[in-house]
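To start, the structure under review is shown below, and the notes come after it.
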Amino acid sequence: MDMIKEFYSGFSIMNQEVSLVLVLVFILLADLFLGEKGKKYLQLSAIAAFALNVVYGFTLTIGSTYEDSFAGMYVTSDMHILVKNILNIGTLLVFFFAHYWNEHENKTQSGEFYFLTLSTLLGMYLMISSGNFLLFYIGLETASIPMAAMVAFNKKAQESAEAAAKYILTAAFSSGVMLFGISLIYGTCGTLYFTGVTQAFQAEPLQVMALIFFMAGMGFKISLVPFHLWTADTYQGAPTAVTAYLSVMSKGAAAFAFLCILQKAFQNYPESWQNILWWIIVVTITVGNLFAIRQKNLKRFLAFSSISQAGYIMLGVIANTAQGMTATVFYIFIYLFTNLAAFGIISNIENQTGKVGMDDYNGLYKTNPKLAVVMMLAMFSLGGIPFFAGFFSKFFIFLAAAQQGLYLLVFIALLNTIISLFYYLLVVKAMFIETSDDPIKPIKSDAMTVIGLAICTIGMIVLGFISPIYEYMTSISF
Amino acid sequence: MNILSTFVIIPLVMMAIIFCINGEKKDLIRKVMAAGALAMLGTSVYLTVDFLAQRELGDTAEFLYRSDILWYETFNIHYSVGVDGISVAMLLLSTIVVITGVFASWGLEDQTKEYFLWFLMLSLGVFGFFISIDLFTMFLFYEIALIPMYLLIGLWGTGRKKYSAMKLTLMLMGGSAFLMVGIFGIYYHSSVDGNFTFNIIEIAQNHAMPVDKQLIFFPLTFVGFGVLGAMFPFHTWSPDGHASAPTAVSMLHAGVLMKLGGYGCFRVAMYLMPEAADQLAWIFIILTGISVVYGAFSACVQNDLKYINAYSSVSHCGLVLFALLMMNQTAMTGAILQMLSHGLMTALFFALIGMIYGQTHTRDIRYLGGLMQVMPFLCVCYVIAGLASLGLPGLSGFVAEMTIFVGSFEHEDMFHRVIVIAGCTSIVITAVYILRVVGKILFGPLYKIVIEKNEKEGSVKSFYISEHDGETHRYPLRDAIWYEKIATIGLIIAIAGIGLAPLWLSNMISDGIVNMLK
Amino acid sequence: MELFSANSIIFFLLATIILVFGVISVTTTKILRAATSLFFVLFAIAGLYLFLSYDFIAAVQLSVYAGGIVVLFVFAILLVKNLGEETEKVSCQKKLVGGIAAAAGVIVSLITIFKYGFIINESADAIAETVKMQTVGETLMGVDQYQYLLPFEASSILLLACIIGSVVVAQKNKEEKR
Amino acid sequence: MNIPVEYFLVLSTLLFFIGVFGFIVRKNLIGILMSVELILNAVNINFVVFNRFLFPDKLEGYIYGLFVIVVAAAETAVAIAIIINVYRSMKNIDVNTIKELKN
Amino acid sequence: MDYTILLLAIPFLMFLTIGLLGYKMTPKFSGLLGTAGLAVVTALAYYTAYRYFFTEFGQAAEGAWETNVMFNFTWLDLSNANRPDLMIKIGMLLDPISVMMLVVITTVSLMVHIYSMGYMHGEEGFQRYYAVLSLFTFAMLGLVVATNIFQMYIFWELVGVSSFLLISFYFTKPSAVRAAKKAFIVTRFADMFFLIGILILSYYTKTFDFQALTAVDTEAGHATLVFNTMGGKMFMGLSVTSIALLLIFLGGAGKSAMFPFHIWLPDAMEGPTPASALIHAATMVVAGVFLVARLFPVYFFEAPDVLTVIAYVGGFTSLFAAVIACTQTDIKRVLAFSTISQIAYMMVALGVSKYGGHDGLGFTASMWHLFTHAMFKATLFMAAGCIIHAVHSNEMDAMGGLRHYMKKTYLTFGLACFAIAGIFPLSGFFSKDEILVAAWEADKVLYWCQTFVAGLTAFYMFRLFFRIFFYEEPKYEHHTPHEAPANMWVPLCILSVYTVFSGWFPFSKWISSDLIGYDIHTHWPIALGSTAVALLGIGIAFALYYKKNNIPDRIANACNSFYTWASHRFYIDEVYLFITNKIIFGGICTAIAWFDRHVIDGFMDMLGWSTNTISEETKEIQSGSVQQYAWLFIMGVITITALALYL
C-alpha cells in the first residue's frame, strides 16, 4: 500500500490534470450510458462537470516557486495554475458558444466533441507543465492530434475535411521538424530535462540549429510566420467553435509553454533565440496584418488577425523577463475574452444564418444592435483601443519589450497596429456604417451564447481597470 | 472627491443615463446632454475661479487639486490628476466647445442617442487628457478621444466620409504609435533610483533623462503629438477629416482635439525632455514654420469652406507648435492662448459652416453668394469669426498671435527671428483667404438664391437653387434658429471675452509656463 | 574506422537500403510500390536498431511501424478505390522546388553537424550490449529521474483521444446514413 | 563499434530531407503521409544513435524513440481517418483537390 | 484716471449698443443716439484741448508742453524674465499732437455723424453704419492717444477693419466688396511691416512705450534708449534701427496710401461718401503721418536716412497722385488722389524737418497741414456727397452748372478749393506755405517738386470745381438737382469755418518737434511764389473748364500715351492684380495646394494603397497548397538557420 502511495504521490500536485481526467472519464461514461434520449442532458452535464473543474482550479495554490513531481518531469507553480485556469475559462466559453452548434448540427457527436476538446486541454496542461522534452512532446501531440479530428467534425462540409487534412499534415510535418531539433538538442546537451539543457546549452552552432528547428515546431502551434500558412485555411474550414478553441487556447497554451522553455532551458544564452525571434516577430506581425486586409471571410480574417496577435504575444516572450511573462499571460488572458467574443458572435450568426462574409455583416447594427456592439467592442479591444482591455494588455506587453531596449521592435509593432486597426475598423464599418439590401435578420441568441457573450463583454470592458489581476500575475511570475 | 474627477465622472454618468434612455426619445436625450454639458461648463468655470482664488491666496504649487490613486503598482501607474493654469484654460475651452457643440447638433435626427454617446466618449477622452498628470492615463484618455471620431465621421459625416474617417483615424493612430514609443523611452530612462514612474511631475523633478536618450525620444513624442496638432507634413488627415465630419464633431475636433496635440507636445515632449527640445527645436521650428505659411497659402485656393478652414487650422495650429518651440515664457503663453483662441474660433467657423451647409447643401464657395441678405445672423457671426481668425484686436486671435510674435521674436538666435518674420506673413495671407470667403459668399449679389415675397401673407421665403443629378432642387433657406444662436453666441462671447480682457487668462497661463520653465 | 570491418559493412548496407528505398518511396509513381519501399525502409531501420543492439525498440519498430502503420497505409490505399492503379506524375518544377529545399536543408544541416565535435562516450561499448527488457520496463514505469511513468500515462490519454478522434472522423455521417 | 556518430547523422539527415522532399512533391495524400513517416524515422535514428553512442548510461533517447513511434502511430491513424474523410467528400485524395481554401 | 477715459469709452459703448441692439431700434433713433454720444465726446475733446493748451494742465516746467499720461492699464502681459517691462498697455497719452488729433477726429466725426443722418437716410443698414462709425471713432481716438506703439498697432488694426466695414457698406455691390478687400489687404500687408518693425524695435529696446522710446538727449543728439540698445547693430549691412524704423514707416505708408501702397484709397471711395470724408480723407489716412510724427525724435536722431526716404517717398507720391488726379473723371476719385497727394505733402514736411525750435518747422507744418487738410478735405467730400446726392452719380459728365441749384454747397466747396489750392487767407495757404518753407530750407529739389504739385493741386481742384458748378449743364432728366437738407449742409458750413480760420491758429506755439513752442512767420517770397503757381493752376483750370470747349481733349490727345497712362493710374493696379492673381494665387497658392493634395496627401494615400496592393499581390503565397506551405516552412527553417549561423 505504501509502495503504491509512494508510487503515485507524484500525481498529488497535479490536481488540475487529475480533475480534468475525472471530467473526461465522466463524459465518456455519460456519453456511453445516457443513450439517444439522454443526449440533451449530456451537453449540460458535460458543461456542468467542466464548470466544476474550472471552479476547482481557482481554489488551487501552491506558492510562487516551482514545484515539481516525477523528479522534474512535471513542474508547476502558481503561474502554471493560473494559465491553466485561464485556459479553463476559455474552454468553458467555447463550450457556451458551441452549445447551439452541438445541439443542432453536431447532435450525434456532441459527447465526442467534449471529450476531444478536453483531452486536447489536458495535452495543453501537460505541455505547459512539462519539465522534460518528452512530456512536452506528448502534451503537444495530445493537444494537436485530436484537434485535427475536431477540425473535421463538420462532415457535411468539404471545407472541414480539407481543413483537417491540411492541419494534420502540417502538424505531422512540423512535429517531425521539431523532433529533429529536439533530437539534436538531446545529442548536444545529453539530456532532455530542461534543467539539464540549461546547463549544457552553450549556443554552439548545432545547438542553435536545433533550437531553430524546435522553434519552428512551436511556431507552427503559435502560428508564427513563416510557419503559419495552415492557420487561415484550417480556421476557415473548421467548425467555428473549434476555430475559436484553436485560435485562443491552442495558441495561448503553446505561447506560454514556449515562453517557459525559452526562459527555462535556454536562459543562459538568450540572445541566441532573441535575435531570431526578433525577426520572426516582425515578419509575423506584418504578414499577419497584410494578409488580413484582403480577407472577406470573417473566420479567415480573424485567422490572420490572430497571426499578428501571436506576434504581439511573442513580444512578451522576447523580453525574457518576469515582467515579460506577466505581460504575456495577461495578454493571453485578455485576448481570450476578446477573440472569443468575436468568435462567439461569428458562430452565433453562422449557426443561425450561415453567413460569415464581411459583406453579410453590412448594416448589422440596424438589425442586431447588441451583437454589433459586442463585435465592435471585440474589434476595438483587438485593435488595442482604450478603454477596452486590449489596450492595457498591448500597452503592458510593449512596455515589457521596451524594458529590454527593443524600441525598434516595439515601434514596428506599433506601426503594424495601424494596419490592424484598419481592418478591425473595416468590420466596424461594415456593421455600423454600411447599409445592406439583405441584412442579417434579427437573431434570437440562445441562452448559452448570451451568457458567454456577456462574460466576454464584461471581461473586455472591466479587466483592464482591475489592476489586482495584473498585480497578482506579477507576484507569481518568475 | 476631487473636483477634477468630476470632469471624467460627468461624461461617464451621462453616458450611462443616455444609454438607458430609449433612442426614440430624442428630445429627452438632448435635454440630458444640455444639462450635462452645462454642468461641465459650470464645473470648469468654478474651477477657473477657484484656481485663480487659490493662486491669489499664494498657493504656488505647480499643480493644484492633486489627487493620486495607485492603479498598477507593478508599473507605478497612478490615476493621477492635477491642473495648472494651462490645463484649467484648456478645460474651460473644452467645456465651452462641448456645450456649444451640443447645441450645434441639436437638430440631428439620425441615431441621436448613439451620436451623443460617442460625442460624450470623445469629450471624456479630452477632459481626461487635460487633467491627467500620469503619462499612462494621459495616453489612455488620448486614445479614448481618438476612436469615437471614426464612427462620428463615418456615420454622421458627409461626402467621402468613409475614406476620410479611416484616414483620420489611421493617421492619428500612426501618431500615437510614435508617441507610445516616446512614452516608453521616457518611462525607462527617467528614473534616478530605478523606480520607474509615469508621473510627469516626478519625471520633471528627477530630470534624470540622459541627453542622448532624449534626442531619440523627443522627436518621437513630438511627432506623435504633432500629428494631432496638424504639423506639416502630417496634416493631411485634417482637411479631409474636417470636411467630412458632422458639424459638432468638426467643432470638437478642430476646437479641442487638435489642442491635445499642442498640449501634449508641451506637457510631455518639451516639459520632460527640455535639453532635446532645445537642441532639436530648429528642425521642428522649420516644419511648423512651413505649416504656418503653407497652410495659409493652401487655404487661399480651396473652394470648399471646410477645406479652407481646415487649412487655416493647419496654419494656426502650426503657429501653436511654432511658438512652443521658441521656449520662452511669452511665446509659450502665446501658444496656449492661440490654442484657446483657435479652438473657439474654429469651432465657431465649423458651427457656422455646418449651419449654412445644412440649408444650402453645398459648401462650395463658387456656388454661393450674397448669403448676407438671406441669413444675416449667421453671416455676421461668420464675419466675426473671420475677423477673429485674421487677428482683429478685441477678438481672441489677435491676443494670441501678438503674444506669439512678440514672444517668439525674443529668441536670441537670429535664425529664429528670421523665421518669425516669415511666419508674420501668414497674417496677411490669412486676411486674404478670409476676405475671399467673406467677399464671395456673404457679400456680393445673390447667387443661385431666389427670394420670393408673398404679398398676401407678407412672408418672405428664400430658396437655394441647385442643379445636380439632372434635377433642380430648391432648398429653403432661413436664418439661425434658437439653438444655433445659442451655440454661436456662446462662442462669440468667449472669443470676444478673451479678446477684450486677456490679462487674467494670460497670467493664469504664464503662471503654468513659469513653473515649467524652471 | 576500418572501411571493411563487419560493422561498417553492415552499416553501409543498411544505410544504402534505407536511403535507396527512401528515395524510391518518395519518387515512385505507384502508390503501392511506395508503400512497399517504405516497408523496406522501416525494416532496415529496425535492422539498424538491432545493429545498435537495441532490440526492444527494433521489435517495436517492426511491430508498430512495419506491422501496423504500413498495413494501415495499404488498407487505406485499397479502401480508396482505384488509387492502387493510378500513377502520379509529378511536374519537374515541383521536383526542382522540392529538391532545392531538400538540398539546401541537407547542406546547411550537414555543415552544421560536422562543425560540431561529437564526443563519443568511451563507456559506450562497455555498457551491456543489449538493454534488458526489465530496464526498459522499469524506466517506463518508474517515477524517478530518467523514468517515464507520467509520459506513459499521458500517452494513454493521447491514444484514447486519437482512437475516438479517428473513429469520429472516419465513421460515416450518421444522419446521412439514415 | 567504431563507426563515427556523424555517419549516422548523415544517414538520418538525408532520410529526413528525403522525407521533406517527398512531402513537397507527392501528389497523393497518403504518399505525403508516408513521407512524414520517413521524417519521423530519421528523427528516431537520431535519438537512438545519440543514446547509444553519446549517452549510453541513461535510456532517454531510447524511450523517446519508443514514444515517437507510438505517437506516430496515433497520428497516422487520425491522419488516415481524415484522408478517408476527404476522399469521402471529394472522391479523390489528390493533394490538388484540397486547395479550395486559399488566399 | 478721470473723465478722459470717457473719450474712449463712450464711442465703444455706442458701438456695442448700436451694434448689438441696433436691429431693434428705429434707424433714426440709432442715428441720434450715435450722434448724441459723439457730441458728448466732442465736447470732452474740446474741453481736454482747452485744458491742455490753456490751463496749467498742459504746461511743463520750462514752458514746454507736458506729456500727460491720463491712465495706462495693462491689457496684456508679455513680460518675461528678460523683458520685465514688456507689456501691452491701453492708456491715454496727452501731448500737443494727440490733443490736436482728438479735436480733429471728434470734430470731423461729429460732422459726419450729423451729415450722415441726411445722407444715409433710408439706406438699409443705417444702424450698422452708425455702429461702425462709432467703432471707427473709438479706434481712431484710441490710436492717437496711444501711450505705446503696441496700443497704436491695436487701434491701427481696428481702424483698418472699420474702414473695411464701411467701404463694404453696400455689400451687394461686387465693386464695393472688391474695394473693401483691396483696402484691407493692402493695408494689412503694410501693417505686417509695421508689426515686424515693432518686433525689432521692442526686441532691442525691451519696451513699447512711446515716452521711453522718444526720450531724447539733445546734448548728445540721441534718442537715448534706442541709441543705447540698438545703436550700431547691423543686419545685412544695414543699421537695425533704420530697418526697424523703415518698416514702421512702411506700415504708416500703407495706411496713409503712400506709393506704392496707394492703390487702395481711390477704390475705397466705393463706401458711403461721409465715411470717405471721415476715414479716407480726414482721419484714418493721416494715421501714418501721425505715426511718424509720434516717433519723430527717434527717426530724426537715429535714422535720418529713413527720414530722407520718407521725404522722397512723400515727394514722389504727391506728384504722382496729383498727376493722376488731373485725369480722373469720378469726382470722388479726384478727391481721393488729392488726399493722397496732400498726405504726401505732410510726409514731405516730416521728412525734411529737423529737431527743436524753428528747425522743427517741418514737423509743425506737417501737423498743421494735417489739421487744415482734415477740415477742408472733409468739407470737400461732404460737399461732393451733397452733389452726388443731388445728381445720383459720381461722374463729372453727369454734372455741370450746379451752382444754380445748390448755393450752399457751391460756396463751401469753393472755399475749400481755395483752401486746398493755398490761397491767402484760407487755412491751406498757411500750412502749405510752412511746408514749402521747410522744404526750401532742407532740400531744393523737394521744394520745386512740391511747388509744382501745389500748382497741379490748384489746377485739378478747380478743374473739379468748374466742371461741377459751371461748365455745361447736362440734362437732368429724372429730377432737377436740389440743395441738400439742413442736416447735410449745416455740418458743411461748420467745417468751412474751420477751413477758413484754422490757418490763423498759432500752431507753432502749440505743436513743435521738441514740445517747446516757438514763433513762426510767413515767409513771403515762398508764399508769393506758391500763390502764384496756384493762381496759374486756377487760371488754366478756368480756361479749360469754365465753359465747355475742346481744349482739354486736344491736350489729352496731344500727350496721348501719357494721358492714358495717367488716367489708368499708371497701371499700378494692374501690376498688383497681376502679382496677386497670377503669381500669388495662380502660382504659389495653386502650386502649394496641388503639392499638398498630390504629393503630401498622395504620399499618405500611397502608403494605404501600397499596403492594400501588397496584400492583394501576396495572395499567391497563401495558395491553398499544403505542399507549398511545407516548402515555405522548411525553407523558413533553413533560411533562419543559415542567416543565424552563417551571417
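Each chain carries a letter (A, B, C, D and E) given by its place in the written order, and its residues are counted from 1.
Rule of thumb we're sticking to: a residue touches a chain if its C-beta (ideal position, glycine included) is under 8 Å from a C-beta of that chain, and two chains touch if they have at least 3 such contacts.
Bear in mind the structure is a predicted one, so any value in this text is a computation, not a measurement.
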item: Fewest touching-chain hops separating chain A from chain E; value: 1
item: Co-neighbours of chain C and chain B - touch as defined; value: A, E
item: Central chain (distance from its CA mean to the mean of all protein CA atoms); value: B
item: Comparison of A-D and C-E by number of C-beta pairs in contact, larger one; value: A-D
item: Distance from chain E to chain D - Cα centre to Cα centre, in angstrom; value: 95
item: CA centroid of chain A to CA centroid of chain C, Å; value: 31
item: Mean-CA-position distance for chain D and chain C (Å); value: 6
item: Whole-Å separation of chain centres (CA-atom averages), chain A against chain B; value: 43
item: Contacts with two or more other chains, residues of chain A listed in rising order; value: 134, 138, 141, 145-146, 148-149, 152, 155, 164-166, 169, 173, 177, 187, 205, 209, 232-233, 294, 422
item: Two or more partner chains touched - positions in chain C; value: 94, 97-98, 101, 105, 108-109, 112-113, 118, 146, 148, 151, 155, 158, 162, 165-166, 169
item: Contacts with two or more other chains, residues of chain E listed in rising order; value: 608, 619, 622, 624, 626-627, 630-631, 634-635, 637, 641, 645
item: Contact pairs between chains, per stated definition; value: A-B, A-C, A-D, A-E, B-E, C-D, C-E, D-E
item: List of chain A residues in touch with chain B within their complex; value: 323, 326, 380, 385-387, 391, 395-396, 398-399, 402-403, 407, 410-411, 414-415, 417-418, 421-422, 425, 428-429, 432-433, 467, 470-471, 474
item: List of chain A residues in touch with chain C within their complex; value: 7, 10, 21, 24, 70-74, 108-109, 112, 115-116, 119-120, 122-123, 126, 132, 134-135, 138-139, 141-142, 145-146, 148-150, 152-153, 155-156, 164, 187-188, 193, 204-206, 209
item: Chain C-touching residues of chain E, taken from the complex the two chains share; value: 627, 631, 634-635, 637-638, 641-642, 645
item: Of chain E, residues touching chain A in the complex; value: 608, 611-612, 614-616, 618-619, 621-622, 624, 626, 628-630, 632-637, 640-641, 644-645
item: Residue numbers on chain E that touch chain B, as the complex places them; value: 74-83, 86, 88, 150, 154-155, 157-158, 161, 168, 171-174, 177-178, 180-181, 184-185, 188-189, 191-192, 195-196, 199-200, 202-203, 235, 584-585, 588-590, 592-593, 596, 600-601, 603-605, 608
